[in-house]
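Both of the next two complexes hold chain A, though its partner changes from chain B to chain C.
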Partner chain A sequence: MSVLHTWVGVVLGAVLFAIFWMGTLSVFDREIDRWMMPETRLGPAPSVSLDAAARTATTLAAGAKQWSITLPSERTPTLQVRYPGPEGSVLRHVDPATGVALDDAGTLGGTGFIFPFHFTLHLEWLDLGLWLVGLCGMAMLVLVVSGVVIHRRIFRDFFMFRPDKALSRSSLDLHTGMGVLAMPFHFIMPLSGLIIFFSLFFPGTWHAAFQGDRAAFNRETFGSYSRPRANAPGTLGSLDAMAAEAERRWAGGKPFMARVLEAGDAASVVELRRSYANDVSMNRDAIYFDAASGEVLGRFESKPVGAVQRFIAGMHFVQFDHWLLRWLYFGGGLAGCVMIAAGFSFWLESRRAEHARRGWLGVRVVEALATGSVTGIVLATLAFFITNRALPASLTLAGFEREELEVLAFYAVWLTTFVHAAWRPRAAWGEQALAIAVAALLAPAANWLSTGDHPLRALARGAFAVAGMDVVLLAGAMVAAWAARRLIARPHARLELPALVAPSARPAESEAASG
Partner chain B sequence: MQALWVTLRVLLGVFGGYAISAASSAALALALSEWAGFERAESTVLCAMLGFGFYLFALLWAFTTPRLSRVALVLLGGSLMAYGVVRWLSPVALSAPVALRALVSLSPLATSIGS
Partner chain C sequence: MAETALVALAFASSYLGFALIALTQKPHHGAVSASRSRSGLPLGTRRRGLAFGSLALAGSFAASLAAEGPSFGTILWVLCLGSAALGVMFTLTYRPHWLRGVQRALAPVTPA
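Up next, the complex of A and B:
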């Protein structure tokens, strides 16, 4: 179990950190959006008339076969209009108070870059990124189980623990501490994440049960309604009336999204989806209306087992309104990141002497990869934020759009951290931690300079997301500075091998023997 | 040489474990919907979720069982048996042309996640 845990950790730790890091940030992806898209830093939305929203949407999505509107929420104060465009799906943010579409933000933001990074690693070809994340999910489950088995003598080890040996054991203690502290989280997150994608990872199951009929599988499991086009012009009735009917049928549940299929056609269908702001479960409840008359055509609700899957998915997605839980998820994610980083640190420090003696490359290779994957990706993320605030509003440079330039900055900095780590082996950890501290101070400064919003002003005008992000960045800068100080000032402090075996009961004698 | 055996165990564990989990999940889903009166969608979701647990167990077992030959026998043999059950229960399901047609079309990503 120990060998299994070590090998899986060392081989996949880098990818696992990326998944954990991006996942932790994704808990606040909408808040990151507010920070990266200043035009969307609106106050709380007035209650929005769906019909007024539909008028804006039909103007924006003129000619599109379908479009959808997502109502404003506490975390996303804009009205979002989505429709297919020539280059893929288009998302427009609309100010709900005026009905005016905001300018294109010129950034992918938290929801467009950071969140998809978490589960696809932005490796889209053949869904390889998804499958790699899936493998890491299974690996994480194996790591948690094997970690518990290794540490099963937790009480006995605790009473044998010697605080005066803390320095050499600090990485291991941090690793097990973070692991034990948030252990249910570290198990449930990968499992729930895998369950979200059950139809991708176990396609054979639905294949067998539905004889390969994918349309039937989607219809019966996730709900969908379709009817043939009439190929005649049609009108759109009152969405507000449909919403009221939906609320009645949902016994008070409110719609959060309206989608119009076959827009403009006489056979157009309006789909209303029920909000999950107050539920853990990310329901797929939908009611389908005839667009012109508002007559109810159909309704979908998950059956019992399907509802369980929606609940488990909801536990992972955290889309419900609950600030305390959201911060706890963030904390759990950070604990996971620290756990992985400390695990690497422990492995490196405990193998360093032996590898050097035997002339093995293992420690050198893992150290370079680990540094780039841990401090490197954090630094790259900060570069992403700083670039977002530094670039002018609309920009095209050398054929790259503004949003592409931000992503380019991310990858360029990330690549540089690997090169840096390979070039300056042991010093790179501390130097990158220092760079993180500096960057984490620059980001709120850039925000202040480019938007005039500093934490106090943001709090005063109710832009809590912006204030929160700046405060977390500043706190992160302090933590990084502390870590840099420890890593740079005493690089040789952890040369002694940790006392893995039961500590000697006679310290005086063993010291005399080695002296 | 040791590296070769370790590599073989990893391949067997990861791919063999997946094969037996996927095949068993499919077989159970078919069995539940055809014999136990489960609705197709319910049976599918249940067995796919259980499949992850089964895979975890298979992985842990594959990496802690001393004899590699036993790992190969159980995982590969079990996969074949489970697949046999699938084909026996439904000659159409998971036959090569059907599976290939599904693989060619894109993954149901958009329908899997959230809204």
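Up next, the complex of A and C:
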């Protein structure tokens, strides 16, 4: 079990950290959107008439076969119109007060980059990222269980943290402390993540139940209604009247989204989806109306097994309006990040001396990998934020739009941190922590300079998402500066081993750098 | 307002529960009282600590449920437990004397 825990942890730890980090940030993906898309920093949304919204949508999505409108919410104060464009789905933010479409934000933001990174790693080829994340989810469950089994003094060391002991000891304390005390979170998150993608990861379940009939499975599980086009022009009736009918049938439940299928056709259908802002469960309740007459054509509600899956998914996605829980999820995610980082630290510190003596590469390679994947991804994320606030939205550089430049900055910085970590083993931790501290100060400064929103002004005008993001960045800068000071002041003389600087270690160094 | 108070109670109660449980353990007991005494804790005190500690954790669950209902309440309780336990861990590391009051409440007689 110990061997299993160690190997799974060391091999997948880097990817696990990326998943945990991006998942932690995804808890506040919409707040990150507000910060990265200043055009959308609107005040609390007025109540919007669906018919007025539909008029805006039909102008924006003229000629599109289908379009949808998502109503403004506490976290996203804009009206969002989606329709298929020539290069995939188009999303336009509309000011709900004026009905005017806002300029393209020129960024993927939290919902477009950070959130998908959490479960696809942006490796789209053969769905490789999704499968890798699935593997990591499974591995995380194995790690939690094996971790409990190999923890010899789980009860005696339950609350034990001894930062003044040797680094290997204090790292292990921190690793087990964060792991054991937040264990329900570390277990439920990967498990619910796997359950969200059950149809991909466990296709046998629906294959068996539906004899491989994907369409029937989708209809029964997710609900879908379609009818053939009439190929004759049709009209769109009052969406507000349909919404009133939906609210009556949902006993007060409100729609959050309206989708128009086969828009403009005589057989056009309007789908209203029920809001889940006040429930844990992300329901898939929908009512389908005839677009012209507003007559109800069908209604979908999850069956019992589906409803359980939606509850578990809702528990993972945190799409409900509950700020305390949102912050607790954020804290749980950070605890997971600390757990992984401390696990790496323990592995490295307890092997450093032996590997150096025997001339083994293990510590060198794992340390470069660990540094780049822990401090490196944090730095890369900050580079993503800073690029967003430092460059104008309309800028095109060397054929790249700003949206692409932000992503480019992320990967360029991330790659550099791995090279840096390989080049300066051990010292890289402190140096990258220092860089994080500087970058986390630069990001709010760039926000201030580019939008005039410093945290106090943002607070005063009710832009809590922006103020919150700045404050978290500033707090992060302080933590990073403190960590950097400790890491750089670390008594190297005592810990640095002669074998690492001896000529015999030189080949190892270059190999580690290339690996 | 009542809901906020219940949520605060849920947090306070889990923190207290974990503090009581931690104080039944010799190293933490010693760190809090800052005594050099090497003697173990009396069995009665340990049992009492575990019993009241568990009761406080259960009370925290009840407060969570009362504040937020079964689905949000359960999630809140689980996350509340984790944060309270980490809170106790860091208190024991950096400010153990904060828990002296809890310890005194637990002790049957004033130590000599």
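Please note the rule applied: the second predicted complex is superposed on the first by the 476 of 515 C-alpha atoms of A that agree within 3 Å, B and C clash if a C-alpha of one lies under 4 Å from a C-alpha of the other, contacts with A are read in each partner's own complex, and residues count from 1 in each chain.
The rule we apply is simple: a contact is a pair of C-beta atoms (placed from the backbone, for glycine too) under 8 Å apart; a residue touches a chain by one contact, two chains touch by 3 or more.
Note that the structure is predicted; figures quoted are calculated from it, not measured.
Of the two partner chains, chain B is the only one that A:L141 touches; chain C does not reach it. Of the two partner chains, neither chain B nor chain C is touched by A:V363. Of the two partner chains, chain B is the only one that A:M257 touches; chain C does not reach it. If you count the residues of chain A touched by chain B and by chain C, you find the higher number for B. Judged by the touch definition given at the top, the superposed model places A:V305 against chain B, while chain C stays out of reach.
Within the superposed three-chain model, A:F317 lies in touch with chain B and out of touch with chain C [touch as defined at top]. By the document's definition of touching, of the two partners only chain B reaches A:L200; chain C does not.
Look at A:L379: by the touch rule set out above, it reaches neither chain B nor chain C. In the superposed model, A:L442 lies in contact with neither chain B nor chain C. No residue of chain A lies in contact with both chain B in one complex and chain C in the other. Interface residues of chain A, counted against chain C in their complex, comprise 156, 158-163, 177-178, 181-185, 188, 279-281, 311, 315, 320, 322, 324-325, 328-329, 331-332, 335.
Chain C meets chain A in the complex at residues 7, 18, 21-22, 25, 27-28, 71-72, 75-76, 78-83, 85-86, 88-90, 92-93. Taken in their complex, chain B has these residues touching chain A: 14, 21-23, 25-27, 29-30, 33, 39-49, 51-52, 55-56, 59-60, 63-64, 86, 89-90, 92-94, 98-99, 101-103, 105, 107-109, 111-115. For chain A in complex with chain B, the touching residues are 1, 4, 127, 130, 135, 138, 141-142, 145-146, 191, 194-212, 214, 216-218, 220-222, 257, 273, 282, 303-306, 308-309, 312-313, 317, 319.
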